[in-house]
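I'd like to ask some things about the structure below.
Residue numbering begins at 1 within each chain, and the chains themselves are lettered A, B and C in the order written.
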Amino acid sequence: MKIVTCIKQTFDTEAKITIENGKVSDQGVNLIVNPYDEFAVEESIRLKEKNGGEVVVVSVGNDKTQEALRYCLAMGADRAVLIQDPALENGDNHSAAVALAKLLADMEYDLIFCGKEAVDDGAAQVPSRLAEKLDLPQANVITSFELGDGQATVTREIDGGTETLEVQLPAVFSAQKGLNEVRYPSLPGIMKAKRKELKVVSLADLGLSAEDVAPKAELVQAELPPPRKAGRVLKGEVEEVVAELVKLLQEEAKVI
Amino acid sequence: MSIVVFAEQRGGTLRKITYEVVSEGKRLAAAAGDSLKVLLAGSDVAGLAEELKKFGADEIAVANDAALADYTTDAYAAVLAAYIQQENPGLVLLGHSAIGKDLAPRVAARLDAGLVSDCIDVKFADGDYAFVHPIYAGKAIATYKVNSAVKMATLRPNVFPVEENAGAGSVVDFSTEIPAPRTKVLEVKQQGGDRPELTEADIICSGGRGLGNPDGFQLIEQLADILGAAVGSSRAAVDAGWRDHQFQVGQTGKVVSPNLYIACGISGAIQHLAGMGSSKCIIGINKDPEANIFNVADYGIEGDLYKVVPALIEKLKEVKG
Amino acid sequence: MDFSLTADEKMIQEMVRGFAQQELKPQAATLDAEHKMNLDNLARMAELGLMGMNIPEAYGGAEVGVVPYSLAMTEVGRACAATAVTMSVTNMVGEVICAFGTEEQKQKYVTRLCSGEYAAGAFGLTESLAGSDPGSMRTQAVREGDYYRLNGSKLFITSAEYAGVTVVWAVTDRQAPKSRRISAFLVEQDTPGFKVGKAEEKMGQRGSATNELVLEDCLVPAANLLGQEGDGLKIALMALDGGRIGIGSMAVGIGYEALDFARDYAKERVQFNQPIASFQAIQWMLADSYTEMESAQLLVLRAAYLKQQKTRFSREASMAKLLATEGANRACYRAIQILGGNGYIAEYPVERLYRDVRVTTIYEGTSEIQRLVIARHILNA
């Protein structure tokens, strides 16, 4: 069983966000493996432990991303491939999916796992884009996975409930919290990870040009959300006050 | 040029997000001077076109096919992609719902289109769209431009107001070859009363000593049910034995930061604030005008919670349909 | 000079931080209140490799080095001091058997300590009449054929009630000079005559067991003598040199935890219409204590680095333990002062941290003994 698991390195979820020149600054920010991707890695490793085979973790990133990949190797993945290229630095989800798809096109796999979304841009695009580029079926936001013969049965979250799907393999799956309990890498695992292969490939190695991965969506600017406005106490008849509140929640606060 | 909106339905009823997306589509079409086209896909859904007419679409294309009875990525992507290819729109909008999240990136990849997910605003100026999308769990707000011929976006639910509008509303059939899906829906389960986990919930309704008795939490639960919210409590309510400690919010309870925190009969002690002060929007309902909760609440309602909360429940029922 | 951690060190630190924060910290108050160790935690820590961090792979250890060990102890100390001291003693016992044990002893005991088959290891040195001066101990070991017969008692033995193996020191030659009077033995939990007494009621670190041990005609196989007869004091002192790095690292963790809590509190607590963090008196307490804890951590890491390089580190370990444990006590004291009345209330964690940190200036060599060691090094240089 050959499993490819796509991961992204993201800011620690507790990181304080600061903006520099219209962009989110990564100065002094602790970087982690995107939490949803950890569920993907965990599931891949469990499947390998049960069925034998190999788990390859892949990522699009920079020098620092090697740490995230090493972390996955320490958890128990077998080898890692990092796609790194200056042309990908300002890439979008399209860029990442194109690069990953090209890499995977030359690899053997039975299953591809991703996280359901990255906690940084929260876009949830790469798994589906990757599935499309590889012409594979997809099952997103899964909370259970059961391997069958040439297919898998998964539960995935839908609005207000869940759906059980039978998916022909190979396919792309994106993991949601609840799929499994993620392990901590053990110290022996961390030591072994040092000796595992971590290959870095460029776009040229993949036979891609900068143009192939040029972003389709470009960041114009990022800014901090407006600071908290002074609170307001609504007064009057109960019905009126409540109606006003609901309106404010919908239109001003936009929380319901 | 046109704007295409994907109308989401499940089990033969249009979803609320559809009205929101169509309404926003209409606003943008008016701003850009484009026509608005809505694609409605499903099995036995022709009747829903009538309903959609109220929102100002110039054309409603109905893809009615037994193969579209269940939502499957393969079948729906084929239909939406073919429709976009036929119409060649400048902008395609979907809801950022479970279906939209699954479908939009799939189709975007097929068309090599740029897609901005989970938008809370879309602006049209100087002949181009700007897409506004919260990043880092709302800790920053990013604005994107899309440079592909077809631009795509998914819109965050509950953000865009629903507006009825006049429009030609001509209904046309749309059909395309639908491939055999490689996924099969075995079962769909709609969730019952399961509440989200406190620390993960988008909305939390909390009760405190002001409830006066343990039964008061039934009221808080009703409110929570309507909002799909979790139920929290102050320590006073926990100490009184009205609620288990696992629901305590505060310094020595859970630290939460939902989008919306509704504090009912909670004074707003510093230890309580330590647990929920980073909530995006805070509502305080308290009969004491001096209550500290009003110093942190975005919106406060001064009054008896036993009058305010039932009224609020009624109002929410109304707007939530 | 390079103050940055290597990629491995960072990964180990992060892994242990994640584990300690998620799994151990939520239990710390309960373990304290119930005076009970959670043995499942110890088993999980063994699985992660935390119970034999400096032990060669051949004996089931992770062999990651002393600097990572120090970083890990600090993280566990931050989350739960009772669990940290248990981990520290277990690592120390494994290491001392590795350093002085026969191949059979290592295969039998060290592997079990590392794998978690033994919940913990224990270190039986102190007696009621011999604390800072272990050479004056009374427990006796008399050779009888293939066995030693042990009689006597030990006091304040961490983890004794669930330790699979306890290193027990006893006098083998009353006539010998003090440095050669005592020997060390590896005693298994179920050895006849090896009786674990009651767990002491303690001020802090209540989750860890601190037991009396009674040895009544306890027959220990001669093969379980650690090192040679008369090596006991040397073995104990060497073990304690390393142990001090563990305790110092743990104290740094407790100190940081208290300070971080006090810092956050000071920013929120308002008196005289301003956060108390705006008062210089509060600022200075924080500034002094953070400075002290950071310098202590540098000393601890230096000692760890030297040990890792297999060079002498006794002087540095004593300095590190002295500054870290005294500084952490001051940090916890100040944290309570910053919290005011709340600091004294058990519902706030600094109350427990203050109790937990207190013993760090006492065990594995009191601060006075550390000064003695340091002074001896300085004056004999």
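Basically, contacts are C-beta pairs under 8 Å (C-beta built on N, C-alpha and C of every residue); 3 or more make two chains touch, one makes a residue touch a chain.
Just so it is clear, the structure is predicted and the values come from calculations on it, not from any experiment.
Any chain that touches chain A and also touches chain B is listed here: C. Highest inter-chain contact count (C-beta pairs) belongs to A-B. The central chain here, found by comparing per-chain C-alpha centres with the mean of all protein C-alpha atoms, is A.
Distance from the chain A centre to the chain B centre is 22 Å, each centre being the mean of its Cα atoms.
Centre-to-centre, using mean CA coordinates, chain A is 40 Å away from chain C. Inter-chain centre distance (chain B to chain C, centres taken as mean C-alpha positions): 53 Å. Residue ranges on chain C touching chain A, taken from their complex, read 7-8, 10-12, 15, 18-19, 47-50, 53, 57, 62-64, 68. Against chain C, in their complex, chain A makes its touches with residues 66-67, 70-71, 74, 184-191, 194. Chain B meets chain A in the complex at residues 10, 15, 73-74, 77, 97-99, 101-106, 108-110, 112-118, 120, 130-131, 133-148, 158-159, 161, 181-191, 200, 202-203, 227, 259-260, 280-284, 289, 294-303, 307-308, 311-312, 314-316, 319.
Across the complex, chain C is touched by residues 251-252, 270, 273-274 of chain B.
By the touch criterion given at the top, residues 11, 13, 15-17, 19, 24, 92-94, 97, 119-133, 137-141, 153, 157-168, 171, 177, 215-225, 228-229, 231-235, 238-239, 241-243, 245-246, 248-251, 253-256 of chain A touch chain B in their complex.
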